[in-house]
Amino acid sequence: MTPPGTLRAAWLVARKDLTIEFRTRTAFLSAVVFAVLALAIFYFTWDESIVTAADRAPGVLWVVLTFSALLGLQRSFGIEEHDRAIDALLISPISRESIYLGKAIGNLVFLCALQAVALPALIVFYNLHIASAILAVSGILFLAVLGIVAIGTLFSAMAVNTRLAELLLPMLSLPFFVPLLMCAAAATSRIISGAPASSARPYLNLLVAFDVVFVVACTLAFPYTLEE
Amino acid sequence: MTPPVSRATNERASPEVKPVLDWFFWLAVLGVVALYVRAILFTPMDAMQGNAQKIYYVHIAAWLPAYFAIGVMALMSIVYLWLHDERADRLGEACAEVALVFLTVGLTTGAIWARVIWGAWWVWWEMRLTLALFLWFVVAGYLVMRGAIDEEHQRARYSAVLGVLSALLIPFIHLSVYLFQARIHPMPVALQPGKPKMSDEMLVTFLSSFVVFTVLAIAFVRGRYRLALLRERVQAQLEAGA
Amino acid sequence: MPSASPAVELQGVVRAFGRRRAVDGVDLTLAPGDCLALFGPNGAGKTTLLRVIAGLLRPTKGSVRVEGKSARDDADVRQHVGLISHQSMLYRALTAAENVEFAAKLYGVSDPAAAARRALERMRILDRRDTPVRALSRGLQQRVSIARAIVHEPSVVLLDEPYTGLDAAGGAALTDMLRLLRHAQAALVLVTHNIDEGLEVATRAAVMLAGKIVRLDDCAGVDRVEYQSMYRTMVVPA
């Protein structure tokens, strides 16, 4: 009887989270409804004759992504709190890092599924013609979501143990999302407006660097957030 | 760490905790007063900007101690995670509060100066101002989180984790703000190679303001640290008596 | 997994939360096959002591050894420990079988589905295996929680008031299972308020007060009525 290694254990945790989410569906549905609604509302907040929909689209996408991501992240450690289910994870032989990775993978799938709905909605509502760039935009989306998940999963684990959980998660996470959003929005608007790919390169480099640094840093930091 | 031995509740705080506001603090205050007397009365006015330029002596000088305090805060976070010494946590907390104060001063004076010089209260293309704004949010988040945790060891641990991550974040914010707006920022006048654009008297006042503000910041951190110690003593006595 | 060395060994264990010492100097040794019934009033530190042994909490002072190693630092040791606590540690949206199977997978049990079935059967709740936990009554949830804790056949089992919420059938299933575990040379620590239930399965009995173990007896030859009145005088303020 040998316990599962870090990656296998992470996958077990992720699958369990996704099974639970799939059964209840509340978090996903609320995030989707929020995202699509926000996309629609934002359309009406600008005067079409002054700023075209195509110009607004990247900014709107990223704002909406951030806030619907926060909705999803809130619940990732919330489910463990209910009956102290996290104790069962902590007392088992799986490594602490695999708990974090498993949760992060679950959140990643959640957010990617959310994007799979939000991006088409954006294209439809804002009449974007980005068929050729869709792959590039999806790639940028994925890179940004990776960073959001790395930070958000860790802060969700911390916030859930404090008095102001719902306030703290956005308050702590948003400053960390800022570089991600700046780079992703800049890269997206360059790609959508047809500028050469090289103009987006520095932003993409920064995105990748951010992801690498913070996935590692948050994985290492996670065990310190558990009670000792 | 063993908990302090409790004595009778009516005993005064242990004589080891020195006064919160001591001679060093008053010396720093004196320095600030002296600086402003000099700046307002004895330093010539800038030809182009008029008296408004004198805000410079507060605005720019506020950044140095703020960044320094944040740097110490980040360092203390690493020290705490490594050694679990509560003194590191206390010092980190004191530095965070002082950093927040100086950042606020820098941001508000920056806004006032921008309004006078450029006609707008806020200028996003001023890189240092934007960076300082995001730092303000990071430090504020740190302090709000501390306020939301009652248990000391958990609070210290979480603060240390947040401190280290915030330190990692700073270069990324810097780079992304820089990339985002490749605009021209008025070069810092004193640090240009060759002759600085200030007259010698202005330069002296300017450089002294850095020194004075740094000394003031150190005085604040000292005082705040002692205040934290005092609070812990009182708390211990309350719990012992309960 | 039987071993010659003590199953559980505590030396001078202290656990403080800030200034409050929940566990204030506990020395204890348990051999394989021992079952220690731990009595004591609320707030005596029994739950904290169990969590320290399980490795969920680090002792402020002293050492905790489970099968010769520290549960806190060595994942291999956690392989052999099971914990039943006040909280069910179950996921409400998953079924009983899914919860127990998930636990089995965390421990690397070969054929987790079969092991889960066995554990649920022992707690006499196999018929409800496909019911989501939130649809089960508190007592039935408790049975699932116990099944989850022993699915990997641990050699050290820590039980925090496990009889709470169990009906007669559930209580009987638990007592049977504890006897089985003892025969398999597992070491058990059973925290309970019910002296009768505790002395029924235990080989040793301890009383914990204000973070310290104030009394430790062998159960052989202990008269239950005497023990009850002794306990009452010790614990109920005059």
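The first chain written gets the first letter, and so on, giving A, B and C; residue counts start at 1 in each chain.
Heads up, the rule we're going with is that a contact is a pair of C-beta atoms (placed from the backbone, for glycine too) under 8 Å apart; a residue touches a chain by one contact, two chains touch by 3 or more.
The structure displayed is predicted, hence computed values, not measured ones.
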B-C or A-B, whichever has more C-beta pairs in contact: A-B
Most central chain, judged by mean C-alpha position against the global CA mean: A
Identity of the chain that, by mean CA position, is farthest from subunit A: C
Distance between chain centroids, defined by C-alpha means - subunit A, subunit C (Å): 39
Centre-of-Cα separation between subunit C and subunit B, whole angstrom: 51
Centre-of-Cα separation between subunit B and subunit A, whole angstrom: 32
Multi-partner residues of subunit B (each touching 2 or more other chains): 153
Two or more partner chains touched - positions in subunit C: none
Of all residues in subunit A, the ones touching two or more other chains: 227-228
Partner subunit A, residues of subunit B touching it in the complex: 81, 134, 137-138, 140-141, 144-145, 148-150, 153-154, 157-158, 160-162, 164-165, 168-169, 172-173, 175-177, 179-180
Residue ranges of subunit A in contact with subunit B within the complex: 151, 154, 158, 161-164, 167-168, 171-172, 174-176, 178-179, 182-183, 186, 202-203, 206, 209-210, 213-214, 217-218, 221, 224-225, 227-228
Interfacial residue positions of subunit C with respect to subunit B in the complex: 16-21
Contact footprint of subunit A on subunit C as seen in their complex: 54-58, 75-76, 78-79, 81, 83, 85, 87-94, 98, 102-103, 105-110, 132, 148, 152
Residue ranges of subunit B touching subunit C (in the complex, touch as defined): 3-4, 151-153, 236, 239-240
